[in-house]
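Scrolling down, you'll hit the structures one after another.
Next, two complexes with chain A in common: one pairs it with chain B, the other with chain C.
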Partner chain A sequence: MYEFNLAALKGYIAALPPALAATVWLSLLAIVCSLALGIVLALMRTNTNRLLRIVGGTYVEVLRNVPLLIIIYLFFFGLPAVGLRLSGWQTSFLALTFASAAYMAEIVRGGLAGVGPGQYEAARSQGMGAFQLYGYVVLPQVIRIAYAPFGNMCVAIVLGSSLASVVGVEEVTTWMHSAGSGSFRYLEAFTVAALAYVVLAQAINGLRIATGRWLLRHRNPGAPL
Partner chain B sequence: MSDLAAVSSYWLLFAKGLGTTIWISWLALLIGSVVGGILAHLRLVPARPVRAVVVGYVELFRSIPPLMLFFGSYYGVSYALGLNLSPFVAATVALSLHASSMMSEVIRGGLQSVDSGQWAAGRASGMTNLQILSLVVWPQSFRVALPPAVGVYIATLKDTAVASVIGYVELTRSGLIVRENTGSSFLVFVIIAAMYFVVCYAISQLGAYWERRFRIVGHK
Partner chain C sequence: MNISRSLAFLSAGVLSLALSTFGLTQPSQAGSVLNDVITRGVLRIATVPSNPPYSSVNASGEPEGYDVEIGKRIAAALKVKPEFTMVDTAGRITALQTGRVDITVADFTNTVERSTAIAFTDPYAVIGSVFMVAKDSPINSVEELNDAKYKIGVARGGTTEATAQRVAPNAQLVRFDTVLDAYMALQAGQVDAHLQDSLKNASFLKKANGAMRNLDGNFSYEEIGIGLPAGDFDWWRVVNTWVRQFNNSGENARLFETYFGYQMPKFN
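== the complex of A and B ==
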């Protein structure tokens, strides 16, 4: 019978905090940058200029329908062939950002679509400028619609960051694989790493739920969203 | 140009790889739907412990990266139990675990979209729970669950690419093999990316068509 023995991982535990930090740092950067790129893409897709709409739409459709791993391989193995050599970390950061931006664009676009034309007209008829219109009227409503899918996307980015281990980034999945095969205690290493991801994901979920409560704090209970 | 000739001589490997990718994604979707469907129905059970176990399963396998599930089912099982799963079995297990947790949420969403008044009306008409489920609830929840289920399938199909890291020869692994043999990295991965795109995009368009076709008047 297999004996579950966490103590066998003792020699590897010191490498876990930096690995965890690498996962968090890579995910955080990708979340911030993909959101920024996603906002630009969403504004392109809702623009009156047809060319911008086509470029934005094509970007979103292509990046949503290609596996992240393929984008990582394309950057890591493919780009050196055309003269651009990226490190494993740069590769995973860029691939994660570009792929996630397509989803972020859809989330932002969904938020913008929830603000009806009447809102813009009403704001303008009150004499609001562009800054007031977006700052006080549009953005608060977009955030209320988009915060929940944004939270889910953040979890997806953390999970996606595990693919960085394929190109040699020392993050949690890499730690699991080297600790597991080094100590011959793979199941224990798996359990520890899984726990790390579950804690991260549930922390994001908790933040998302708390944000939702705070955003909707003035709403009557039972009122339609 | 010689690159293109060298790479295209491997067209059969690409085609086989694509076939394998589609086959294992369907298998994972099928197992994921059956397990996910059972889990979603177990969440309707009044007993708290049952629901807690289901929520635990769903949250656990939604929160673990697919790559870790591949590693875990391939290396973890072999280290722990001395049981050597083939890459195919390990990949199917990993994909099904992830797909079932996502599918369970989709099906639960469908079941919950049916108003509780429908259950009450069914009981008032003297129907058994099974009759209410199969004649009243399922047909209505199907229309709600179908569009997100297509999304789960596309996600699963994209996750199959990760099976290449444990040596399962599907489309991505085929690409890596052609890359090694021809040394033409950029072209190979552009071709592979295009193949994934065509399949996933076609499925998403089909999903969008179904969404229009099965739209429930007044829903959403």
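== the complex of A and C ==
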């Protein structure tokens, strides 16, 4: 009978914090960069210029329909054929960012769509410049609408970072494999890794909510986030 | 029917389904794997999907290879049907520990450490490990490879990982999920060398058609055996008898030549 025994992993727990740090770093960087790229793409998709709309639309449609694992394989094993050799970490970061940006674009676009044209007209009629318009009127409303789907995307990025193990990045999933094969207690290693991801996703979610509260600190206190 | 009642029924259904499948994977009392196999009429075999010519999955999704053929022949000898489960390097051991499969035939090295968790038959192959590099690589020996600027690609969780660390501790080790991924990385130039099973190596070199070459030296002695759940002597006795006769009758040498394309070196 297989006896579940977490103490068997004692020797490998010391290697877990650096793996957690690597996952957090990769995820946070991917979240920030994909959000930035997503905003650019959302603006492209809602622009009056038809070429920008087509380019943005194509990017989003293509990258939302290819599995992340395949993108990682293409970047890591395929790009060297055209002369571009990226390391495992670079591949994972770029793949995660490009794939997530497609989803971020749709999230931001949904947020922008929720701000009625009346808001723009009213702000302009009050003499607000572009900075005041976007800073005080548009962005707070976009943040309120888009924050929950954005939170889902953040969690998806944290979990998607586990695919970095396929190209040898030293993060939580790689730790799980090393600890499991070293101690032969795979069930324990899988369980610890799963718990690690739950904790990390919740931590990043908490960070997102705290940031949101700070950004919207001047709004009415009862507003849900 | 309101929402909470439907949810209650749904969760009860899911829970009972989960519990029943858990029950199916419980190993029976120790010492009765043989009985279970005969009663069930099916031999459950674990193997890995991306390790040709030992085992791989062909275009129609069917497993094929030297190890796969061995599994099929054991099932035929016991007069039961073979059923294959694809696992990864770690899963070769877990599947046996949790009773999901009856044997594992997957280029599986018998080490003392692994033997504390599962059982192995006598070897049906003995391999070493060799380093493969691209033909025009600047590396000419393992001493040169042992440098922090070089990357060695290995399959995660296997014996090559430990061997590479022992032989070239200064080089960076890049771990991949499968042997094929590590070989692809060498082809793409993402790693500078790939440590490989010496028997596979000859057949890979032939397929690479001169694009790859080996560094001198054979760096391990590994007995490849069939993995069995620990604690069941009757099961071990039966499967080991098959392995011994497979080796001594020459059937092993013939099967090897079919899949590897050259004559198997003598090992026993």
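Here, the second predicted complex is superposed on the first by the 203 of 225 C-alpha atoms of A that agree within 3 Å, B and C clash if a C-alpha of one lies under 4 Å from a C-alpha of the other, contacts with A are read in each partner's own complex, and residues count from 1 in each chain.
Here is the rule we use: a contact is a pair of C-beta atoms (placed from the backbone, for glycine too) under 8 Å apart; a residue touches a chain by one contact, two chains touch by 3 or more.
As the structure is a computational prediction, the values presented were derived from the model and not from experiment.
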Chain C versus chain B on the shared chain A, clash or fit after superposition: clash
Winner by number of chain A residues touched, once chain B and chain C are compared: B
Partner chain(s) touched by A:Glu61 [first = chain B, second = chain C, both, neither]: first
Touching partner for A:Gly168 - first (chain B), second (chain C), both, neither: second
First, second, both or neither for A:Ala22, with chain B first and chain C second: neither
First (chain B), second (chain C), both or neither touched by A:Val115: neither
Touched partner set for A:Val142, first chain B, second chain C, both or neither: neither
Touched partner set for A:Val155, first chain B, second chain C, both or neither: first
First (chain B), second (chain C), both or neither touched by A:Pro80: both
Which of chain B and chain C A:Gly180 touches, first, second, both or neither: both
Residue range of chain C overlapping chain B upon superposition on chain A, of 19-27, 91-99, 127-135 or 145-153: 91-99
Shared chain A surface residues [contacts with chain B and with chain C]: 2, 77-78, 80-81, 165-166, 177, 180-181, 184, 186-187
Interfacial residue positions of chain B with respect to chain A in the complex: 59-60, 62-68, 71-72, 75-76, 78-81, 154, 158-162, 164-165, 172, 175-176, 179, 184-186, 188-190, 192-193, 196-197, 200-201, 204
Contact footprint of chain C on chain A as seen in their complex: 1-2, 76-78, 80-81, 85, 88, 165-168, 174, 177-178, 180-181, 184, 186-187
List of chain A residues in touch with chain B within their complex: 2, 61-62, 64-71, 73-74, 77-82, 155, 158-163, 165-166, 173, 176-177, 180-181, 184-187, 190, 193-194, 197-198, 200-202
Footprint of chain A on chain C - complex, ascending: 27, 89-91, 93-94, 97-99, 113-114, 116-117, 153, 156-158, 161, 174-177, 181, 184-185, 188-190
